[in-house]
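Look at the two complexes coming up: chain A is in both, with chain B in one and chain C in the other.
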Partner chain A sequence: METSRRNFLKISGVCALGLTALPVADVFGESDLPKAIKNPQALTGQHWAMVVDMKKCWEKGKEGCKDCILACHAVHNVPDIGSIKEEIKWIWTNHYENVFPGQENEYNVKNLEGRPFIALCNHCTNPPCVRVCPTQATFKRPEDGIVMMDFHRCIGCRYCMAGCPYGARSFNWRDPRPFIKTELNMRFPTRERGVVEKCNFCAERLAEGLLPACVEACKVGALSFGDLADPNSVVRKLLASHFTMRRKPELGTQPNVYYIV
Partner chain B sequence: MLERALTGDKRYYRWLMFLLVLMGLGFASYLYQFNKGLTITGLSRDVSWGFYIAQFTFLVGVAASAVMVVLPYYLHNVKVFGKITILGEFLAIASVTMCLLFIIVDLGKPMRLLNVLLYPTPNSILFWDMVVLNGYLFLNLLIGWNVLEAERKGVHYPNWVKPLIYISIPWAVSIHTVTAFLYAGLPGRHYWLTAIMAARFLASAFASGPALLILLAFLVKKYTKFDPGKEAIDKLSQIITYAMIISLFFVGLEVFTAFYSNIPSHMEAIEYLFFGIHGHGRLVPFMWLFLILAIVALVLLINPNTRKQEKTLKIACLATFFSMWLEKGLGLVIAGFIPNPFNEVREYAPTIPELMIAIGVWATGFFVLTILYKIATSVKEETAPSI
Partner chain C sequence: MKIYDARYVLIGLAIFVGLFTIPFWYNMGRAVPPPDPKLDTPVIQQMAVKQCVLPLAEIRTGHMQLLNDWRTWVVRDGLRTYVAADGKTYNMSLQNTCMDCHSNKTQFCDQCHIYAGLEAGTVPYCWTCHIAPKENQ
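Showing the complex of A and B:
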């Protein structure tokens, strides 16, 4: 068959047009029915937040206690790569002057020496990571404000890691599966290499009516979780009765993790 | 016109073979990275962008700098740039090609690249960077090719090219502005959080890009019968002089704001770069080399005698290109991550496979550039009036 350049272009144009048919069909085929039915026991809120009572943690907790970290990392199949360079962590501890840089002075640093501060994703009300993500692989849930990750959409550009002012995000530099040292939790996905991950406020547990794993694991009740939109919630009561701090409030991200010191 | 790339002397083929070998080595290293993950690089949880993204940022500047020949020629009718314009446009094509490759090799999940198109996200600067870079690539391909083809046929280029040329001028500015916005809009990265980031990027681009163009023009003159013209090189060297002065002035502005305000978070990255902090100073020698090269370039460029002499001008261009590469293609991206959000210093150095991949991308860029320049110079040689 003889074909000219013009004909070839015409046919490829029509083919390209055909490729757009599927998204169009999707738009018209949409229905209002929910895609999944919610568990009636699910914990629901409009504005989840956490209050970390460091005083309780230090005074009542055992020295070197890592219950919250171990519980979280086991539930979420977080690997233990064994190097600072490629470390993956959802919740961890660091010194006061590192968690609250710029707010340290010689004396408070000395008083707090050796005292661990708990750090995790702040689930910001204005999350910079969500603003910068080019594929919406990280997004803020409209119903309750949890900042989530879609591990299957992330292209691994790591723009969110540059955007996060709290160092809350970890990247899977290598295949993490051989490094999962806890018993595999079959109810939560493992990750592939090349995607970013972080704390998800245990969205998968809230959906089943369970509190976040770290909150549940803390025997001294240093971690409290609740709905800021509900004036009777445990977090609102704590915030009303205590002076609290947030990390880097000057950046306007509106963190939703509060600290009692 | 493509067939002109297929005929050349031995030296031409030897050069292409050399580049192909480097590309092969780079590709092999990339396969290694593709199989193992980005763990084979020196990147870490704390310095999560490094050599690849720094090269990308620097090369966006080289690509944007084509506007420094296109704008005077088409808007101000500076005739001396008539011959060199095509070299600028083809340099832009090669540079944008490298930019896109550097982004791809940096991705953790390259096979999901098209998610950027599948889920377009206007609030992400990276989305816009993808739009402007690809747009710029197509603009330069269309313009460069059509203008050259018209020249070969001895006719004026088609009228529809003219609006594209006008669009390409602000578009060139846009690619580097958007690239600066990738950095300048991030809370908590103090070294990048500066309103003059885009201005700094453009100034350093208009120094390093034309410097490379002058060096290429000298090579073209040496190895082909096409002479881009002494006047064009003179004019370009003036542009480099001003851009270099402005560029260093901007660096000085950053230093003043950081140190006179005495705000620790603003000073730390600069201190890390030039003196080292907490006992870490891996980039210190490179940053001092940047300063020395920049001063050498300025001395040679400002003095009209050395600027007009081919030999000293070449040294000035080399010094300009490498000093700007050190500042932007190395220091700027890495220092944005140091110290990290916890005020800890975790340093970064690229690994051998990482450098191999980078060299492979550069070789690919030069391969594209060689082919394009071969075509351009062949056409110029054919259409030149015989003396």
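Showing the complex of A and C:
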């Protein structure tokens, strides 16, 4: 059989057209496969944020109270290594001049001497840690703004630790398991040697309809958590009625943890 | 045709072939028993219809892909509920769902993995972080 060049081109054209229909068939063919959905009981928000009322913490809380820290570290199996150099922390306390550097003067520093400030990951709107991560192990969740870590992808390069201006990230220099002093929470994984870790705004608890562990643990209500996109949320109400500060605003990271001092 | 030093060459060859096939000699006559994953955990024994998240043939060959999907959905997409083909829902969790039913890791997962020659038999890089169920055996 002889085919003219013209005929050959015609048939090729029709075949190519047929191929373009394949993706369409795929879309319709897939619709009833098993799927993953959001937990129905999950707390949902578009822009999670926290307000830390330090006044309440100091005035109503017991001296040296560490309820929020203990609750967080127990829930997430955070080890207590016992040395500052290798310390692992998700939420911790620090002095005013370290939490708000550049905003101190000789009087306020005096007033605030010995007063602990609560610090944690700021879940920045513009997070430098996410920008520098070479594997996208740390990423900003598009739906609610949580800066998450995918521990499976972390290669331990620690660029994120260099990038974070708040010291919110810790590196596992050694196997953390022997140093977990609290009772192991069997529902949450530990980490392993060679990965970085930090606060995850309790993504796993939000998915079950629970508030973050630190917020729940604070008996004086100094920690508030909510959705900035919702004008009726606790955090929006607090922000509307109080003067608040954020850490290192000059860096443009747009932290989502606010302080009432 | 003549081979120079034929004797040495042939002896050398014989030794080489012998050494090269040592793995075969070493394992000869030793039948490795096929894996026997046990399903006799308390949770599974209480089930009226004993079935896994996927049909048996699919879970047997595809559980690593399923775990990979679960991990992506949970950690990266924020979705935590899995709707199976039969409409049943599961909390997508290695530690809390798979291992609730298969709480006998050493008698179940490890049985196959050791047989299949996965490293140390235990998929070690999951259990350095995920907490394996406590077993009393």
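Going forward, the second predicted complex is superposed on the first by the 226 of 261 C-alpha atoms of A that agree within 3 Å, B and C clash if a C-alpha of one lies under 4 Å from a C-alpha of the other, contacts with A are read in each partner's own complex, and residues count from 1 in each chain.
Here, contacts are C-beta pairs under 8 Å (C-beta built on N, C-alpha and C of every residue); 3 or more make two chains touch, one makes a residue touch a chain.
It should be emphasised that the depicted structure is a prediction, and the values quoted were computed from it without experimental measurement.
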{"item": "Comparison of chain B and chain C by chain A residues contacted", "value": "B"}
{"item": "Which superposed partner A:3 touches (first chain B, second chain C, both, neither)", "value": "neither"}
{"item": "Which of chain B and chain C A:97 touches, first, second, both or neither", "value": "first"}
{"item": "Touched partner set for A:134, first chain B, second chain C, both or neither", "value": "first"}
{"item": "Which of chain B and chain C A:203 touches, first, second, both or neither", "value": "second"}
{"item": "First, second, both or neither for A:20, with chain B first and chain C second", "value": "neither"}
{"item": "Contacts of A:111 with chain B and chain C, given as first, second, both or neither", "value": "neither"}
{"item": "First, second, both or neither for A:184, with chain B first and chain C second", "value": "second"}
{"item": "Shared contact residues on chain A - chain B and chain C", "value": "175, 192"}
{"item": "Complex contacts: residues of chain A adjacent to chain B", "value": "84-88, 94, 97-99, 101-102, 128, 131-137, 153-159, 161-167, 170-175, 192-196, 248, 251-253"}
{"item": "Chain C-touching residues of chain A, taken from the complex the two chains share", "value": "33-40, 42, 139, 141, 143-144, 148, 150-152, 175, 184, 186-187, 189-192, 203, 207"}
{"item": "For the chain B and chain A complex, residues of the former touching the latter", "value": "36-39, 41, 43-46, 48-49, 103, 106-110, 112-113, 115-116, 118-119, 121, 123-127, 130, 182-183, 185-189, 264-265, 336-337, 340-344, 346"}
{"item": "List of chain C residues in touch with chain A within their complex", "value": "69-71, 73, 75-85, 91-92, 95-96, 128-131"}
